[in-house]
Amino acid sequence: MTSSGGSRIKELALEKDDLIDLYRQMALIRAFEEHAEEQYARGRIAGFLHVYIGEEATGVGVVSAMQERDHLITHYRDHGYALARGVTPEAAMAELFGKATGVVHGRGGSMHFSDVTKNFWGGYAIVGGLIPLAAGLALASQYQEQDAVVVCVFGDGATNTGAFHEAANLASVWKLPVIFLVENNLYGMGTAVEYVSAVNDMSRKAIAYDIASARVDGQDVLAVREAAQAALEHCRSGNGPFLLESLTYRFRGHSMADPEAYRSKEEVNRYRKDDPIPLFRNKLLSDGVATQEEFDQIDAEVLKQVEQAVEFAEQSPVPDPSTIADFILADSGAVH
Amino acid sequence: MAREISYRDALREALREEMDRDERVFLMGEDIGAYGGSYVVTNGFLEEYGRKRVRDTPISELGIVGAAVGAAMGGLRPIVELMTINFSLLAIDQIVNHAAKLHYMFAGTISAPVVIRTASGWGQLGPTHSQTFEGWYAHVPGLRVVMPATPRDAKGFLKTASRGNDPVMFIEHSLLYRNRGEVEDPEDGDLLLPLEGAEVRREGTDVTLVSWSRGYYLAMGAAEELAKEGISAEVIDMRVLRPLDIATVVESVKKTNHLVTVEESWRSLGVGAEIAAAVQEEAFDYLDAPIARVGSLEIPVPYARNLERLIFPDRDKVVEAAKGVLARNLVPAG
Amino acid sequence: MTSSGGSRIKELALEKDDLIDLYRQMALIRAFEEHAEEQYARGRIAGFLHVYIGEEATGVGVVSAMQERDHLITHYRDHGYALARGVTPEAAMAELFGKATGVVHGRGGSMHFSDVTKNFWGGYAIVGGLIPLAAGLALASQYQEQDAVVVCVFGDGATNTGAFHEAANLASVWKLPVIFLVENNLYGMGTAVEYVSAVNDMSRKAIAYDIASARVDGQDVLAVREAAQAALEHCRSGNGPFLLESLTYRFRGHSMADPEAYRSKEEVNRYRKDDPIPLFRNKLLSDGVATQEEFDQIDAEVLKQVEQAVEFAEQSPVPDPSTIADFILADSGAVH
Amino acid sequence: MAREISYRDALREALREEMDRDERVFLMGEDIGAYGGSYVVTNGFLEEYGRKRVRDTPISELGIVGAAVGAAMGGLRPIVELMTINFSLLAIDQIVNHAAKLHYMFAGTISAPVVIRTASGWGQLGPTHSQTFEGWYAHVPGLRVVMPATPRDAKGFLKTASRGNDPVMFIEHSLLYRNRGEVEDPEDGDLLLPLEGAEVRREGTDVTLVSWSRGYYLAMGAAEELAKEGISAEVIDMRVLRPLDIATVVESVKKTNHLVTVEESWRSLGVGAEIAAAVQEEAFDYLDAPIARVGSLEIPVPYARNLERLIFPDRDKVVEAAKGVLARNLVPAG
């Protein structure tokens, strides 16, 4: 997975600010996740925590290609997407802390971030379960002629679920504007793709549904952005769904509970060489887009942001117990 | 001005009125279009409303319910049909882990106003096609579960469900589609019935018979039989299984002091169990006899007619149970 | 779907008896189904009745290629397979009548014929539900090194279920000896394939699972037999699963309740020209394998067989009510 | 000679003993091999038994349970693990419409001796990962449902289940794996416990507390609390939820005249409802107060710790309920 994004900077006609912003977002996510891990270790965060470290380029690249009106829906590994889509580190960290100021008021926790004001329809924890929902969101967009594309994010493991099959077929039959973004990080929890998927090439699964597809180097933020733009264009033009496979790697365990017995340190270190953040920083440096000082400053800024987020989360109040029964049903009591 | 129409036509009217009223309301399901619906409820709708609003789907219960939920999240008003409740088991993850959770999980910012129409029922359909799982759905917070017995409730509930903002399990019964009953004339305005509340459909003083859907007619039939023998039975149609209106049953029991529940599902952990448990809590001192439950034999439903007949409750079993609770003379508490 | 089986008679090195037997089985199934329809109309059979009229060549061709040790499992349209696998018309008809002498003692009815003594694992009525079961049966065969192949029969509509996807992927990953026999009769109940399947070519669905596949003219019993032999050979040799698509057509409604509003009389009549039984009879006549007299005699014999089956079913007793609770659990009461 | 071992090790012992005893016994499930099992129950088994008998599967709950059922039909003895009972909803069609029906549908000629191990439980896992559906499974004829609370039951039930010929829902609890308890030494022979029968684990005279799985410990804790105040509580561990041993509860109630059920599932239509309904039928005259049910609040389970704590029953709620039924002085029947 060697990167070739630098050459593309001109083609993509990206302004320096845009490029710097892509870097900043990846750096912010990285810092956020590292602090989340630390706070988890300290017992301030509990339950399941799935961090995005090592995969930032996919989320940032894809979201950077989306329009505001486009919809985003993801699986439980959702922190990076939430931040890229504009959820504040404060609201995100507070959610992990289970506070009232959390992005969903402490109801969902790590796996269920969402912000409909940003068309981010949330993170879901039943593997594959969000894929039919995404097809439905795309149907709503098509039905109401909203010209909005749905980006549905899930992993290699999720492609083995019946939900993927049923939703992909339906999306194709109805030519729904939805991108199935498969983050192929080679493992579903502790199980390597080759042991559980008949094909290692996820894009090949699109053939059975007559769905267009592509593979992209998920460690190269510009390559991802470019591939996402093409996929979005495909869907927006009414050509039906698109399956985009991003080749990436999870640098950390599946969740905080993961002993990682299923893969070797060597393997992890090999893939760490393709860390999307230094890769991109070096590219921008060698292309003279920005200086080391600028990057140091950005790193310092995002670090501060995240520390403030932790501070904010700590200071925030827990949800008011009297609100525990709110939101069970949308229509209170009888419906007239 | 009310007219007599069938349960099926009541559903058709509700669907048509809601589709005409609101562009966002659309139908999806297996064979609802070209075929006309496995129980002929949507016959002619495809021709009338076109493919955009009457969508034949693949045989993908999980996928189509999930897509309906997603469409509802996105602002539409899907009414999805699952041919029978037996197949809803394939979609139950989308119903329980998604539709029922969304609103809470996302702190009220997302809702899933989807109506899932499905048919329970039997008739020599064999072990996998004769079940009814209303008790499972009634167990789940975040869902509304209705099981109309009359054409009027069928229409009024369906219209309300399609306008509400919550996921609704709308459970019909294959043996009721032909039943006829009084339903207000559309001219007289929208028939919108709240999705809650049991109804006392027959007043009585000696024993209370509680049921819903087809079981309600067994209870009514039993009440008429009992009347011949001078026993006055009060009959309650629960109508809605979540939220469950226990208060109305308690009211009645305070008067009759005897209760029998009637259902077509297996007896253990059926809705009758919840009603019995709740009523003994709230009307303990008013009960002169144990609450009796009439349900199906706890056996997969066999195909052979003579065996199938033995599985399901019938009027006579209800009569017997009612006499049983009345016959019992109390022994002072041990 | 024009037939080309005649030319193959020699290649297949089939004896006259074998050929006549293929004809006899198709004729028997046809007669059985016609009588079942009649008895249904008379109210002696109830519930769901799905007949196999028009599709006989697929079932007969496939079963004729199977070894005794091979396993058969089908969806609810199972009469033809049961008869081809050796279930007697008596036991089959008695089951439809709900009698104690039925093949499953009146418990299952039309959709649930089975006879384990013939490795016929039954008909199942949840569309797609039998496919994972078939994978499991194949796993049992592989695990116990029984050299037995599982033939799993279902329709075009079932390929859209998550069960198909999950089972096909699993079967491929574990290289299980199972043939997914897709009877593509162009409709799932009243819904045409093109409205609900992203691809009309069922064999294309095998690609996503890296499963070998083939399509065959399902109205040509010899072509089906030959294709089945190849598929069985493939599985027996340890090459994993195989997807065989049989192109066929349902001459009758989906079930007795079907108004058939979804297709035109013209369409049905067009396909009726490919009736597998006269097609095969004429081939054998023109190849001089058998004479019209012989066929007339066979037709008379199977007719008699089926009439006797109806007679038997009528005379048989209904199940003893005292046995209603038998078979709920295999271990009665406590398990030690 | 008994030793103290953990619930997890009891399960590991059972699996190992059965795999060593019978080649046909094998394991399949998500991440049971290379990962070691999401709750570390099968850690090391892949290395010990190899890929043939310890099979990591795709994330395909429906497919793998169905394949396990098929393998069982074909003569094997699969023990399939579903990471949590929340995901069992995706496989429920195979469990209820297939595994539970086969034997009856085919008149006893086919059986499905499959054991489905899965974990209920919670711990800030959020709305979709904190549920427990034992009541749903206990409703279904054709299934056996066990929910062991102790290491001994966990081992004894699992071994028996793997040798029996019926499908068994074997429901563990994520918060019990570390619990330790006495279990016979393997040297002393196979520990095979029948898959039925509740057990009185603490004798008492004033009130009966009934529960299972983790709820059993809440009941025990409450009994100890009550003892301090001179209230003698009898504690029954139901252990098996289908078949449900009501007789043992009735026996106890005839002595204590008071009953409280305790469960972690939502209260409505939980197993407690069935117990209450059945006991009031069979011990009506012995009840001095309504049967009280303690269950979860009927709300999806929120992530925030302070809210989650309020959802589930705890020892104090059980104590309160017990005092409630005892405090009540009877009013003569209405």
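Order as written gives the chain letters A, B, C and D; numbering starts at 1 within each chain.
Quick note on the criterion: a residue touches a chain if its C-beta (ideal position, glycine included) is under 8 Å from a C-beta of that chain, and two chains touch if they have at least 3 such contacts.
Because the structure is predicted, anything quoted here is derived from the model rather than measured.
Student: Centre-to-centre on C-alpha atoms, which chain is most distant from subunit A?
Tutor: C
Student: Count the C-beta pairs in contact for A-B and for A-D, then report the pair with the higher count.
Tutor: Pair with more contacting C-beta pairs, A-B versus A-D: A-B.
Student: Could you tell me the distance, in whole angstrom, between the mean C-alpha positions of subunit B and subunit D?
Tutor: Roughly 30 Å, centre to centre.
Student: So the centre of each chain is just the mean of its C-alpha atoms; given that, what is the distance between subunit A and subunit C in Å?
Tutor: 47
Student: How big is the gap, in whole Å, between where the Cα atoms of subunit A centre and where those of subunit B centre?
Tutor: 41
Student: How big is the gap, in whole Å, between where the Cα atoms of subunit A centre and where those of subunit D centre?
Tutor: 37
Student: Note the residues in subunit A that touch 2 or more other chains, in rising order.
Tutor: Where subunit A meets two or more other chains at a single residue, that happens at 107-108, 112, 124, 126, 160-163, 165-166, 169, 173, 195-197, 328.
Student: Would you give the residues of subunit B that are in contact with at least 2 other chains, written as numbers and ranges?
Tutor: 57-58, 60, 62-63, 86-87, 90, 93, 97-98, 104-105, 126-128, 141-142, 298-300, 302
Student: Show which residues of subunit C lie in contact with subunit A when the two form their complex.
Tutor: Counting only subunit C, the residues touching subunit A are 160-166, 168-169, 172-173, 195-199, 204-205, 207-211.
Student: Can you list the residues on subunit B that touch subunit C in the complex?
Tutor: Interface residues on subunit B, with respect to subunit C: 30-31, 33-36, 38, 56-60, 62-63, 86-87, 90, 123-129, 297-300, 302-307, 310-311.
Student: Applying the document's contact rule, which stretches of subunit A touch subunit B when the two form their complex?
Tutor: Contacts found on subunit A: 71, 104-105, 107-108, 112, 114-116, 121-122, 124, 126, 129, 131-141, 143-144, 162-163, 165-167, 169-170, 173-174, 326-331, 333-336.
Student: Any idea which subunit B residues touch subunit A in the complex?
Tutor: 24, 26, 52, 55, 57-58, 60, 62-76, 78, 93-94, 97-98, 102-111, 113, 141-142, 144, 160-161, 163-166, 192, 194-197
Student: What part of subunit B is in contact with subunit D in the complex they form?
Tutor: Where subunit B meets subunit D, its residues are 62, 86-87, 89-90, 92-93, 96-98, 100-101, 104-105, 126-128, 135-136, 138-142, 242, 244, 254, 257, 265-266, 268-274, 276-278, 280-293, 298-300, 302, 330-334.
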